[in-house]
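Take a look at the structures below.
Both of the next two complexes hold chain A, though its partner changes from chain B to chain C.
Take a look at the complex of A and B:
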């Protein structure tokens, strides 16, 4: 990709951002590009640095190193109120002493807009978010879903270039979340505002994000479109973090015809090579998706003996959790209403095609 | 015995102790108030000789009130000044400690010394120091400073407790919405912590208004009310003094009442229902 002309197209760029709290490294060299109108999800376990990264973009934290550019402009030293952003907090951070109308208009008030214009805009926005009837209420009188709408309306009214969302639906009832997710996605597409959404929930990240960034221990493990992360996890962490992956570790053998033999405690497996082959004898890991597994007698080239420990029922599928001879946890997903083949305690064999496994870097 | 019966019993015992304590606390004041209504021939102890407003009338006409008017005015102004100073300094000090600057723990304990140090020594030491510097003691300079050293820690602790419950995300939300730090403080932080600010002001007022030990050496020739009362006690004891005591007590209740009323209305404005 050419570097120069693209920059103007970027809503946000992070270059090697690093943030330390005392001896604790919270963000370690994060680089990221967000194109205009993109929906980016920062995904990772708690303490991985995703929220700190977001707060650096907002200007609430000052990075120790690295640059932050918003709309191509250096903002690294700028305070939050001089950045073209808005932010939604996990618990919404509504001002308890202000009515809904007052706090939705707060951003415009800060821009010193005339009173009449603020009143008109607030009325429009409240109507658009279907909260006009709540205009005179205070936050203590609102339900969780209503608070979420007010917080969103308050952040969106100034039409910022970027909306930063820190676990924006984490505080909502589970039943509400899906509907709110769909609405937010539609809103983002309609307005063309870039969303940067921090979450620890991979379902959120993969169903919403155009671009998903997986973080762990202050670093970016992998970033790309969701389908890339799902089909090609680049590290054992990413594979293990994304639900439904079986991760196996072992020693690399000598590669032959684009296939790498991997020696594990549960036998030898074959994994296709991406790029350069790892040195023979080095530690490697690979993963296979649970729905790619086949159970029972077959002539697949990769086979592993395992004992079923539990069977979990999800909406569309049944997940069998098994344990291999060496104690590795394995998952096999079965779709459709077939009669159950395994119960806890059943001994069986799992197999997969070589092309269904993914070698990690 | 069932544990619920036992806890009911404990409840009765603790309740009795509490009522006893409250009586112990309030009866003396009540006794003074009662004796201030005794007749013209009444003394300063029981039994009361008749019931009248005689001593209040005396208070109004006689020279003794002229002796007391200036001290009342001084104490009132001094208490107001201490209240305002306590509010400003305790809010700023608590804000500073909230920012966790280097040495904030030491700062915390140094401020709290004002509560720990014996008042009479603080006053005496301060008076000595001022004499060395050639400053004459006066109720509106030296006494004012020693009073603030006493009232400030109470206001400071109040504000720390209030800020402890304050969610800093609210300020951050305001900053991301385009408010500068000053605007965020004025529009978001201050209105939310205002009940605490009023509490700090109340401490400042009531602790200064009846302060005796810190005033003793720092006030100079123009006495504050507690000093004037003590001086009068040394001269002669009549129910007139009780009338003064009752009047000023009612007056400080009134002041506290006004503060409390303001507190509740503001609290309700911030957190309806």
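Take a look at the complex of A and C:
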């Protein structure tokens, strides 16, 4: 594929970005392409390198290796103030000595816009974010939700190519988060600005992102649309990190007709093969989603005996946590409207179709 | 906002020892000095009539007025030099020294000299500044000058040099505190909003450290105004500021004039502090 026209479509490209702090490798060869107007979520546990990756894009950290391209232009080595980005910080980083209006206009002031234009744009943006009545307030006089809006308005007013968001709703009350998430998604779709959203919360990542990047130990484990990650976790880490997966480990048998038998402490299971079959006898893992599992007597090819330990009711579904004979924790989700079938202590059998299990790399 | 809603009577009793001490050692003597400054007549007694004569005679003397002006000028000079140096030192310590151990070591090296008394540190400058002193010997050894520079000792230049060394830390300390309390994300946020480092300093860092700068300036101002020891030792009794005038009157047994000079000195210092507090509300410090 010719590279030229491809790049023009990309708002951001990372090529093998590596960042080291002393002997600690914070980002290890991260490559990523963000298409124009895409909503990308960097997801991973704390310390996985997602924030450092974001800071490399902002220019707040200098990568030791690799290239960063914004809008097709090489920006590696450029300072933050020369990059076509804006950033929202975790605790909002509002300037305590500036009024909301001054704060929101700061970016335009830095771009040397005429005073009249700044005043007009600030008024428009404050109205659009429904914070016009706060214009003269100082950050100390604002609530968490108000601070969040001010920080967002301050970042968006310069109409950057990319908005970088470092856990932007982590500091908000839980009740407020969902509403803010919806607003931010709508804003992103309306403006067409690419969002790169760092979070450790998979609900945020999967409900917001067009493209989700799961990171662990400074590397990208898997990236793709949310559906792909949910239905086809590529590694045991991704499967274990994403809620609702049952991860089982065992020894590979001899593959036959595209199906791999896996010998585990809880018996033999059949898993479809993707790509090359693992060598017989090698350690493999696979996962099955909790909602794909069926409980009780049936003639499914994969069956496991388990004892229910906890039942959690979420309204839409009922999650059962079970323990297998060898002590593996299993989850089975049942549609919430159905009558409950298991209680803590009930012995049962779980089963699933072969095509519902996913072999990990 | 205070979380203490109710103050019990016992809490007030806790303040009694310190209050008594302040009253006896500061408030009463100060009031006595003010009272004495208004004593008329010739006898030094509590039955003296109260008049403005002492003040009238003081202000009639142009030499004394000039001396007040020189005292303010000296304070302003020191505020400028110590403020600039102090800010640079504070900025270096907080923003440029990345290693926490190095920062502690440098900070200690910076403040340990201040564990000795001001008077001793002032006197310690004499062997440095003299015509045969360390500085002149060094200058001549390196060939920068042929003859010793005499303006160092027994001159206002020498006094200023000594005072800079004595009071720079007072200007730096509050700035160190204010700089350290600025979250790094604020500078970073400004940079992502297209502000280059100089602008980040001018628009974000400096305004946020302003209370520390003002407090440092107040401390330098008060110390220079009250400093008679450095002026006496380094200036070699050839120079006098308002503080030395108090001492001179006292040693000459002109107690009423000593009181007048003392009251004026206190008045000047008070005026300076009030002026500074109009710029920055110290009570709001740390409330951010």
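Rule of thumb we're sticking to: the second predicted complex is superposed on the first by the 359 of 361 C-alpha atoms of A that agree within 3 Å, B and C clash if a C-alpha of one lies under 4 Å from a C-alpha of the other, contacts with A are read in each partner's own complex, and residues count from 1 in each chain.
In this section, a contact is a pair of C-beta atoms (placed from the backbone, for glycine too) under 8 Å apart; a residue touches a chain by one contact, two chains touch by 3 or more.
Given the structure is predicted, the values throughout are model-derived calculations rather than measurements.
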item	value
Room on chain A for both chain B and chain C (clash or fit)	clash
Partner chain(s) touched by A:73 [first = chain B, second = chain C, both, neither]	neither
Chain B versus chain C as contact partner of A:141, first or second or both or neither	first
Set of chain A residues, in rising order, touched by both chain B and chain C	58-60, 79-81, 85-87, 89, 91, 93-97, 106-107, 110-111, 140, 154-155, 158, 164
Contact footprint of chain A on chain C as seen in their complex	183, 185-186, 188-196, 199, 203-204, 207-208, 288
Residue numbers on chain A that touch chain C, as the complex places them	58-60, 79-81, 83, 85-87, 89-91, 93-97, 106-107, 110-111, 140, 154-155, 158, 164
Parts of chain A lying in touch with chain B, wherever the complex brings them together	58-60, 79-81, 85-87, 89, 91, 93-97, 106-107, 110-111, 138, 140-141, 154-155, 158, 164
Chain A-touching residues of chain B, taken from the complex the two chains share	167, 169-170, 172-181, 183, 187-188, 191-192, 269-273
